[in-house]
Structure formats: structure tokens, C-alpha cells
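What follows is a single structure, and I will ask about it in a moment.
Chain nomenclature is as follows: A, B, C and D, assigned in order of appearance, with residue numbering initiated at 1 for each chain independently.
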Amino acid sequence: MLSDAARQTQPQDDIATRFRAVRGLSLALAAPLSDADATAQSMPEASPAKWHLAHTSWFFETFVLRDGGTGYRPRDPRWAHLFNSYYEAEGARHPRERRGMLTRPRLGEVIAWREAVDEAVIAALPGLDAAMRDRVMLGIQHEQQHQELLLTDILNLFAANPLCPAMWEARRDPPSPAPDPIRWIEGRHGIVEIGADARNGFAFDCEGPPHPVMLTPHALADRPVTNGEWQAFMADGGYDRPEHWLADGWAWVRSQGISAPLYWRRAEDGVGWASFALDGLHPVRPAAPVTHISYYEADAYARWAGARLPTEAEWESVAAAIDPNSGNQLDEAGPVRPRTAGAGGPGLRQMFGDGWEWTASAYLPYPGFRPAPGAVGEYNGKFMSGQCVLKGASCATPRGHARASYRNFFYPHQRWQFTALRLAKDI
Amino acid sequence: MLSDAARQTQPQDDIATRFRAVRGLSLALAAPLSDADATAQSMPEASPAKWHLAHTSWFFETFVLRDGGTGYRPRDPRWAHLFNSYYEAEGARHPRERRGMLTRPRLGEVIAWREAVDEAVIAALPGLDAAMRDRVMLGIQHEQQHQELLLTDILNLFAANPLCPAMWEARRDPPSPAPDPIRWIEGRHGIVEIGADARNGFAFDCEGPPHPVMLTPHALADRPVTNGEWQAFMADGGYDRPEHWLADGWAWVRSQGISAPLYWRRAEDGVGWASFALDGLHPVRPAAPVTHISYYEADAYARWAGARLPTEAEWESVAAAIDPNSGNQLDEAGPVRPRTAGAGGPGLRQMFGDGWEWTASAYLPYPGFRPAPGAVGEYNGKFMSGQCVLKGASCATPRGHARASYRNFFYPHQRWQFTALRLAKDI
Amino acid sequence: MLSDAARQTQPQDDIATRFRAVRGLSLALAAPLSDADATAQSMPEASPAKWHLAHTSWFFETFVLRDGGTGYRPRDPRWAHLFNSYYEAEGARHPRERRGMLTRPRLGEVIAWREAVDEAVIAALPGLDAAMRDRVMLGIQHEQQHQELLLTDILNLFAANPLCPAMWEARRDPPSPAPDPIRWIEGRHGIVEIGADARNGFAFDCEGPPHPVMLTPHALADRPVTNGEWQAFMADGGYDRPEHWLADGWAWVRSQGISAPLYWRRAEDGVGWASFALDGLHPVRPAAPVTHISYYEADAYARWAGARLPTEAEWESVAAAIDPNSGNQLDEAGPVRPRTAGAGGPGLRQMFGDGWEWTASAYLPYPGFRPAPGAVGEYNGKFMSGQCVLKGASCATPRGHARASYRNFFYPHQRWQFTALRLAKDI
Amino acid sequence: MLSDAARQTQPQDDIATRFRAVRGLSLALAAPLSDADATAQSMPEASPAKWHLAHTSWFFETFVLRDGGTGYRPRDPRWAHLFNSYYEAEGARHPRERRGMLTRPRLGEVIAWREAVDEAVIAALPGLDAAMRDRVMLGIQHEQQHQELLLTDILNLFAANPLCPAMWEARRDPPSPAPDPIRWIEGRHGIVEIGADARNGFAFDCEGPPHPVMLTPHALADRPVTNGEWQAFMADGGYDRPEHWLADGWAWVRSQGISAPLYWRRAEDGVGWASFALDGLHPVRPAAPVTHISYYEADAYARWAGARLPTEAEWESVAAAIDPNSGNQLDEAGPVRPRTAGAGGPGLRQMFGDGWEWTASAYLPYPGFRPAPGAVGEYNGKFMSGQCVLKGASCATPRGHARASYRNFFYPHQRWQFTALRLAKDI
């Protein structure tokens, strides 16, 4: 995934440094968790924190230490069965929806295993060839993805506990003024090129190859939709009027009894709303971007607002000019929450950070896409049906992981990630 | 949906003639059915034949006779509740999965109702304004869609009966030679325009507006995949090897125990295969296109064959030059079956007729798409999530209904339609 | 099942006469049904009327004509697969929940088959040995059971149609005064004998052997609970207060949203109640016994009323002195409805007829019970788990079918039969 | 539940001693468990060990400390919501199937809570009136029930882990000879009295009142069915032949793919069987009683063996003469397993201990049964539908908890308890 040119700019020492930093952040994120917190699974799509810690170690153990011929002996050969996620080429797996049954190995054993794997990778690094160093980079990116999932999965678990436990103490935010009304920023149209070029640095296989697309004239909102705006949608009967909804979305709203974003709860006065986050239950902040909404909800809001969701290409073609490492992303262990836009300059704001933005685009292969051979080829390609593309980054995305070409993807009903929306329209 | 120019080419008399012909064909298709055959529902996605006959009449009664202010009084105001399909704007509906409970009104009553509606529409036609004449055209196209569904739904019902009842006697096909191996036909690339222009004749709202897309170099197979080729896929363990399958597809194959196209059954010798059709159970014909396959199966086959599915734009841009009324389509009541390609000329064959071809494209709105206002605006737009586009026409599509811009759509696991596949590849 | 003595009292001619009468009644009951009415299946537990007509014919064809060595050739050997209900010893069967898919054979074909079977049985009767004549008697009793099911299954189907079709025109009942308050009638206690003795006439295997049981002092209500009394239970929050309910019952009420007997619907004024029956939708008659209630509901009512359900032995030991052919039972094709008790004499009323009465007893084998050998041994014994005993007879039970020892049985949540309740208490 | 006479034989000090012992055993049983082990829930019917520890404390906190007016303040008023099991009168509850989500309060907090409750109960004991001392006794018996559940629930959880973790090290059993063939022991017949008399010591409300029943002549096997005998049933196709099975049982076997007792797994040689227990995975011991079988399996075995299950009254009337504190029951924390019968004397063996024995009797109220008023009245009575009675005690039943009149009850498909069977027959 890295071109030779890109490799030269990432010397071995940098990889070791980055490897250590990323592996360390995972442990720091899990530090507030008890053995039980780290083991429970709240729903089939979510995994226990311990499982994330173990699975990412299994990834390095298997695809670097084993495939790299380092002579390393797996800690326990039975663990591959437990901690393989979905790689069919790696054999049978413990069923995904039963990960919460794995009270053993204990959290302490998994952490000890991590340390052993880390030492072995560090020791092996100087001897790895370029392809295996790419694997280490892939493992680092992979671990960053699981850091975000670890946080969102714990949030989902803690939300299932009537005691509303907080993972971290709440930080005091300065009071934030209501954001300005949305401004429309014209996007690029005509033939534009999107997709990642491997010569420019790491990217997942599904982000390429680069290719031209044809865009018609359109504009994007300068910032995401806020909680306050979402409450206006709710007050206008947004969840009760089928004309705003896709047929699948309406069936979902009705069968699941959906009437607010995930984690929103009626405040004790019965009027306002609170939302649950990793720092506990707090009143909804009107100026911050709405998050934890499904594609169906995002689409219904856009329709209600007389707008639409941007396509992936519309989003990516303007985001390419913005620094993907800016914005409200994850830097260290601690509470993560979307922040208010505040008063802004003339351009697009919050494109990276705060919340992943649903697009109108299905997650499908780009022209010329070929998955990598072998087990790692299962990384992305086989998920290309039924899912929607999200762009940008969230407050739980480790800084350094984002790219304009990044293609995050979830099913249209899923909303336990920090999912948000930005409006678009034809002009 | 019709421009003024197009309307001028479709004088009133033509509409009446076409209306009578289409309405008559529906009755002819249902003629072999008993009251019970026409009432039973085999699965939630399929509707009883009687329901199709009634729903299409309700469509004219509501959107033409009522909306057109013709003074017509509905046969029975309670029937709207029974025969509205999914128009939220028209109020509550009998649940879709319980349509088979509607043993009353009887088939005879529904047919009498049809006749009354037909007379009223014919009588009203001279007084209808252009918009209402468009509605009649929409109703005609709508009825043609239900003619195809009537056939595929009855096939599904009869397949659930161990007696394998035949709707029509089998026709003797002349023996057909094995088709030539696939030839690759280069498609159009660069900027091409797709989508229907309402000035050129009737099209559903979702087929437009016309717009440019950018295509990369590619080729399409000159004909669909045949049953014989499909058997080679099966013999090579196609249904047992996860590496060919999308993750959702593999989960579907495993959980549903899928190992052959729908309606295929082991022949009595335990070796060969028979397939069930509207003329009964017959040996699988190797030279005919494979049908009744899901998107997942089509995609897995393509992967196994080292190819891929065409995108909608790739397909449409070359189909625009082919007569959509050619090929094996539905002309009259009688057994419908895909036919063998036979030896062919140098170009694309069987693009229209035989089987609907799965594309790699999600069913999403075109740039600038706006649904029609009011209830008829629910016709297409609200289904734009989770479904895949199919192009062309099948042996059960009424001739005169097909267009290159036509966008048929189904969920990726569905296969009770005459669904087929054509390979594509990058070049 | 018949002793020699009993056989002597049932000469061959009587069997023939009874056979003809019972077979004829089945046809008369089905006469108002269209082919579609007779084919549709409203839920897995209910069967299509056509299926009942066919299954009872299959029973005679198999267990009399085939087992009796009469030389009769089955109409269509494939039909056994379709119309075997649950006899494992007779081979694989069409799945119960898919009986509504059997639009073929048509109703006319099934009726023609019935006639052929009837002729063959009549012709064979003189040559049948005693065991086979017992089989004919078993078949007659079996057919009577299916007559009741045919009526209750059609009622369930018609209730699923928003048009509320009536099978028969409503008869005008004379106005009925409110019944007297319940009087308590002391039952028998000490050692009493229950269970059928085969020497005294036909009984199903599960009704015997006769055996002593020990009863403690108790009393039974002189009549069943009425609709008016049930409305008082509802008005007192009966369906909303968990303290009245068994845990399984409460879970059922909550998960299914139960708030009234089956087939009760709010009257148009939003205050009163109507109930749907075979003669259409009519206001609930307060003086008639409540029917279409589950065991859970019956038990909750009894608890609310400070009473309990009678045990099977309590019921049977006093019912043995009452003529089982008295009361409101089925005599001919026509609307069936529970009737009001009216003013009554000093004893137990409505023990046979109107509604089957839930007892507190589980359906379990009597001491010394042995199922008959062979397939007919599957008739009763294998259902002896999880079900409750009901005693008496209903307005849909063919007259001549009832006995004090009769053990009807259903699962505690089922209520599509004419199920009723009579209170009991310890004294 | 205790008569005055019985109370006099249980002075306050004895209660305190017993209270301390029982509360201490719960902690000892949980001692090998990690926080995660104690928190995970393997299925809706099973509860986490931490939940058992908390719920039993809630029981004392609520029904003794609160109801006894001791002035004790609940540790955390929100915990009642979490740890109420099923007492509707005590208000809304955390859903049973989501108990595994309760990672907080942590195991340590729950243990600290236990200690506080224990101190408060001990301090309050001298001042409690007789009714409240009965509540303490009820709480002790209640806690013993949860000790058994704690063990069987943990077994179920550990069985879901492919690593087969052992809770305790295996003890070396002396080699055990095959037991003698079954001998038939004649039971009591005629009028016998069963049911607990509260004057004779503690019993749950459902065990009484004492009452006469009439039994017909019969015999019981002198010992339970062994694993070796069960393997003969399996070898004879026991799980594949519908004629042995109740209809509900056969549906269960087919739909769940049942082919052996729960926790049995094919040994690595593919021929023999191993079974998983709290001391890990070990070869099946042929001489020990078979356990972890459903009622359906027990009934099918009995039918295959030409016998039947005993009724509750048959079992209890002979068990009354046997010391219920004898046999293989739970004395201290450590591995529990059914033991072999060995060569035995002339009488009934293993009636108490090793495994709970399924009876042919439904769990229904005895004549004259009245639940206690208030919330504790929900203890037993509301479960009297759909469940079967088991008698005796198992290797996981705390010694001192068993009585001949004890009525354990489970649904017929459940088998995660140490469930066993003893044959009976009519003579």
C-alpha cells in the first residue's frame, strides 16, 4: 500500500516510534475499565474492549510475526480462534455475537500478551523487508480503527447500564455561542479526480485507485447540522411523518420505536433532552453537531430541510484541500465529545473531527479496484454491499488516521458511532 | 413525466387502445388461475394475483378517476384499505404480509370491478387534461410492472406446492446448440450521458434527469452467463468457498442453506438438475441464461470467473443503441422461459429480454432527481436505499415496457424474479 | 377402543348411517366457502377448510381402506404427503405452516375424492372385521373433531379480513335476560372414579383407563362466566394488574398487547365492544358465556374473582350424571354462537355446549395409559406435554361427540377455539 | 411458613449461625471467579454470579431490613431496580436478559454491600418478631437456591468458552465399578398423604398443604439411569426415532439439533464422549447418573426403556422415609459432580443428591394452596404453568436444603441444571 517513494519518507525508526505510541494509546484508553467492563459485549456489532486489545495483537502476531518469518511462537495457539475477527482464510472463529462469553483469558493476560507482541515486533522491525514493514503500518492503521471502536463500543455498553457510569470525569467546556446559520459553499464540478494514490502515503486498498468522476454543480453546508437544529426537526414531527423517510427508514423507525438520536434521553423535567457520553449524562448542547444518528435519520433530516446528503465525490473533492489532521480528533485518553462550531471563517468547517459525515454514496469498489491477495485482502472488499460511505473523522478518531480519501462504512441503520451529517444541494 | 412534445405523438386514441390492450393482458395472464391460486400469498414480498388485479384497478380509480374529478364513485370505499400497496399519503393499509388472508372480495368481484374501472377510464379519457392523461400512461406502465410480478409471484406460489402444478402446458423448444464462448465487447468510456429525457417519451421519474458520467475503459460479455456455465461454478465448489463471496452474501448462503439457483431441484437420478417454471418441472437447459439468482450469487460468480458485474452506466451507455423492444419478452399469455442465445453475430446479445441483469450499481438518485409531488411521488424515490439496479428486461416483461434507461431494483438477496448476469471487466 | 359388548350395540348399519351423516355434515359446513376461503391458512395452528376435508378422507383411505386390505387404490399417492397431519409413522409431511400454499388439488377435486372414499368405505363396511369397524368409528370421531376445527379455523381466517365477511346470516336471538348471580354447587369429594371404560362405548385412548382419584371438598359455579362479568374484570384493570396473572401469562399479555378476548373489537362509539363471529360482527351480548379466552386469561379472572379453575376430576365427577348430548351444540350447518344461560334450575348448567371449559389440570396420561400400537397410537399420547385439559363441549362441537370423560387440550395461550371458564373454590 | 411449634425449635442464635454459614458459603463459591467471570451472562435463563450475590442481599435488605422496620438505609436506592428478580409488587426491573450488561457496581462493591447487609441483619435479629424471623429463614432458603443456580449458571458460562476453563481443579475419584442392573422397588399405593406440614419445619408455600392422593400399584427403579445406559439409548438411535418422543420434544430435538446431553462433546478420537463440568472437560463416566438432560429426553428414554417417569406423589411418598440430608450434596466450595451409585443395598438409592429427578407431574397448586400475601407471595405460585416438577436434590444443592416435599420446577426443554431421571412402571 505504500509506494517506494513513500517508504523512504518513513524510516524504520519512525515506524517503531509510531508503533509504540499507537499501542500505548490503546492501553491508556482501556485503563479506566475493570475486567468486567472490558469483557462485556452490549450487542453483536460491538466488541468487548478486551477483545479489541487482543484482536489487534493477534493481527500483529499473525500477519507480521508469523508471516514475516520471525521465529516468534504464538502465546497460545487457541487464541487465534478467539480473536480472529472475520478472516475466512485464517480458519474458523468464535462467533462474533458470543465475544462477551470470553471471560478468559483475563484482561491481565491479554495485556501481558500485548507486551510480548510489542517486544517481538520492535525486535523484529530491523529485519523486516519492505512488504512486512507495510504490514506493520497496516497493523498500526488497523489498531487506530479499533481504538475508535473501543470507545464507541464501551459507550454502547455503559449506556445499557441504568447507573449511567462515566468512563472519565466531564471536562468543563467554555460556554459556546450558537453557531451562525448555515452558509452554502460551492463545491467543485466537472471532471474531478478522487481516490488515494499509494505513492502519496498510506491508504487502505479500497481508497484507490485514483480515478476521474463527473460532478454536477452543487454546494455544501459550511458546517454540520447541530443538536439545536435537530430538535427543530423533532419539534416539527420529523420522526412521525413518513413523507420525509426512505421506505426502509420508515420501517426501521416504526419497528424500533425510534424518536431521537441514540443516547438521547428525556431530561427529568420531561421537556428537555440529555445525552449520554463517555463522561456521563449531560444536557444536550444545542450548538454542537448532532451525532449518533443513522443514515435513515440523516437522509430524513435533509429531505425535511429541502436539501440532500453530499455524495462521496462531492465531499472528497473539496476536502482534499483541507488538513485532515486538524479539528477535534482523539489525541489522548479522556472524554471525547463533538464540539460546537463557534463563529467561523468563510470556508468549510469541521470536515475532519467531531462526527463522521454520512454521504449519499454506497460503499462500492472504485473502477480498477483489486483487493490485496491473501487474508489481508479480506480487509475491505468483501464488505462492499449494503453499506453507506461516511467521510471525515470524529472526535474518537485518533489524530493522524484521517485522510480525504478515507472511506468509512456502516449499514444505514447503525448509529453507535459518532455519525453526523452535513447538508448539500444542487445549484 | 411526458413532455409536451412527447404528448403530441401519443394521441388520445392511442392511449385508449394501449389501455385496453394492457388491461386485457392482465386478465389473460390470470385466466388459468383458480380463485384459490389467485388468492394465496407465498411470501411477504410476493402478492396474490387477485391482489395485483385489484391494486392496479385501485391505482386507476384513485389517481385517475378520483384525482381527475370524473365524478366516478369508488366501488367500495373499504377496498382502498385492502389494495393500496405502499402509498403513505393515501392512508393506512392492510399489512403487506397478510394479503393472502383476503379471500374476499372474490376473484369474480375483482374482475367485475376491473371492468367497471375500465369503462369509466375509457369514458373519461376524452375529458382528461394532459396531466391526467400522463397519469393514465403512468397507470399503464404501472400495470405492466404488475403483470411481470403476477407471473413471478405465481411461479413462487406454485413452486411451494409439492405437486409442481403447471400454469401452462410446456411448449416444445427446438433443440438449441451450446452458445459460443463469451466474447468481450468494448464499452464506451470517457464522458457519456445516461438517464432518460422526458422529451423522448415516457420514463419513470427515477430514470432521469439525463446527466454525464465518466467511464473508464472496460468490456462487456456479448451474452449472459448460461446454466451450463453456472453448473461449472457449482462443480468447482462455488457455493462452498467464502473467498468468492461478499461477507453479506456468505452469511446469506450459510444461514439459508443456498446451493443452487432458486427453483433448481435435484433430478430424480440425483445427479442432474431440473428447474421449476410456469410450464412445470423440466431438466435444466444448459444453453439458456441462468436466472433466479441473487445479486450475491451473481457477484460471486463474477469473482470466480475473474470478472465483475457491469455498472449501470456501462450497461446503459451501450444499450442505448439497441432496440429495447427486441428479444424474448412477454407478448401474450403463455409459458415464459429464458431462451438460449444460439450462435450470434458480433455484437451484444440478449440485452433486452430473457433475464434482468444485475449491475454493480446501487439504486440511488441521479443528480438533480426530484420525486413528483403528491402520492405518486412515492413511486420510486423512497426505495432508494439498500437495493441494486438491474437493467434490460426479462422473458416476463411485457413488450413495450423496456428502455435502456429503465432502472429495475431489488434487494441483493432476492431472486424470485427472472434475474440474470452478464460479465464485465476493466481493460 | 370398543369392547365386544359395545360393538354389539353398534351394528354395521348404524355405522354406515352415522358415517354418511357425519361425512355429509362436513360438506354442508364447507358449502358457503369459496375455493379461496377453503384454501387460505390464517396461522400455523389453523388449517384450511379444504385441508380438513382432505385430511379426514386421507384418514379413512389410509387407516381403513388401506389397512383393511380392501383393494382400494389411493386417488393420488402424492396426496398422502399433503394431507397427513402429524403421523410420523406414515412418513414425511408437507409442513404444517405451509398448508395455505396448497391451491391444488382444487376444492372440487377434494370433494370428488371424498365421494370416492365414501363409496369405497360404504362398500367395504360389510367385509370389515371388528378391529376395522373400530377404525371406522375412530374415523367418524376424528372427522367430528375436524368439523369443529373447520369452523374455528374459518372464523380465524375471516377475522383477519377487514371486511368482516359473514359465513352465515345472523339469526335473530330472542332477547335474553341477565343470568342470575352464580350459585355454588358442591362437588363430589373423597374417592371418585374418573376416566372412560371402553366397555361403555367409544372413547379415545387418552380418556382411560378408569381409575380412582381423591378429591377434597369444593364447589363449582352453576354456570360459566358471562361476557358481562368479563367486562367488569376489564373495567377493574384486569389486563393491567400483574398480581392476577401467572408469570407466563403476564409475559404473554405484555408481549402480545392483549386487552380483551380474541375477536372483540371496540365498537364504533369507542366505548362498547363488538365481537366477530361466523355470522359477522355484532355487539357483545352480556348474558352469554365469554369465549375465545386463553387459559392465562381464565386463570387471571378466577384469581381476580377470589376463586380458581376446577380440576379435571372435579369437573368430570359431577358431569358424569349429566346428559352430554344436551345443550347448545352443533346440529347442522349454520351460525354457531354461545347462548345465554337464562334463568336456570338448581343444578349445573351449560356443562356441555356453548364453550369448552378450561380446567386447572395438565393434559397428562392417566395411570396405566397405553397408546394404541401403530400410527393411530400417535393420536393422543404424544401431545401430553405443555397443554391444559378442557372439558365439556362447545357450540361448534357436533352433537353426539361429547362425553364427560372427553379430554380436549390446548396450549395455555391458545384461544381461537370456543374456550370458556367456570369458577370453582375450596369449601 | 413456620408454625409456632417449629419456631420454638429454631432459637434466634441458630438462625444467626445458619445465616452466617449460608452467607459465607456464597462468597466461597464465588471466590475463584474474576470480576468478568462474575459479570457475564450466558443466556437469558442464567444470571451472572455477581447478580446472584447482589440479588440475595437485596432480598434481605428489602424483605427483612426494610419490612422489619430496622432503620437500615439501603446502600444505593437505584440498586433495587438492578437486583430485583421478578417481584412485580416491588416495581420495575432491569430486564432479565440484560443482566450481563451490569459491569457496575463492581464485584468488590457488591461484596462490600453483602458485608454491610450481613452486619445489619445480625444486629437486627434480636429485635425481629416471629414473622420477620421467618423472613430471615426464607432468605436463607432463598440464598441456598441461588447457590445452586450460581454454580449451574457459571458452568453454562464456562461451557461457552472454547478454552474450557475449570473453576476448580479436578478431584481424583476412586475407580467405580459398573452399578448393578436396575432393581424395581414397589412404591406405596392406595391413599397416601403428601405435601409439607408447616408444623414440621420450614417449607416453601407451594409444598403444602398436606393432602391425600390415591396411587395405583407401581414400582420405582432403585437408582437413576447412568451415563452408560444413556449411551446405549444413543447407540440405538434414541435421538433419531420420533416414536420415542413427545411431539413437543421431537420438535425441540429437530429444531435445536440435539443429539446428546448438554455439555457432552465428542472426544478427540471421534468415538467416545467427554463432558464439561466445573473441574473441566473429562471423559464421560459410565457408572455415574446421567445429568443435564431435558424432560423431553428423560421421557423419551423412559419410553424407549418400556417404562415411564414417576409421578411426584409416587416419588414423595417413598422418599418421606429417607434422610434428605444424606447423599452427594454440596457441603463446601469445590468441584461438584454426580457420583456413581456403586453396589448398593436393597432399597432406593441416590434419591437425594447427584441429580434432580424429573417427574411426570406438572407443577400445579395443591388443593387448598394459597400464596403468601404481599411481594413474597410471588415466590412460587405465579410460576405454576408449563413447568414440570423435579424431586430430590443434586450434587450442587446445599446440604440442609432438601426435603421429600420439595418441589423444584423447570420448563421441559431446560437442562442446564443437574437434571436426572429414575424410571418407574405400573405393576
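Here is the rule we use: contacts are C-beta pairs under 8 Å (C-beta built on N, C-alpha and C of every residue); 3 or more make two chains touch, one makes a residue touch a chain.
For clarity, every value in this text was computed on a predicted model and none was experimentally measured.
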item: Identity of the chain that, by mean CA position, is farthest from chain D; value: B
item: Geometric centre distance via CA averages, chain D-chain C, whole Å; value: 38
item: Geometric centre distance via CA averages, chain C-chain B, whole Å; value: 47
item: Multi-chain contact sites of chain D, meaning residues that touch two or more partners; value: none
item: Category of the chain touch graph - line, ring, star, complete, other; value: ring
item: Which chain pairs touch, all of them; value: A-B, A-D, B-C, C-D
item: Residue ranges of chain C touching chain B (in the complex, touch as defined); value: 34-40, 42, 50, 78, 81-82, 94, 98, 100-107, 157, 160-163, 165
item: Residue ranges of chain C in contact with chain D within the complex; value: 86, 88-89, 191, 211-216, 218, 242-243, 245-250, 295-296, 299, 308, 360-362, 364-365, 367-368, 382-386, 412, 426
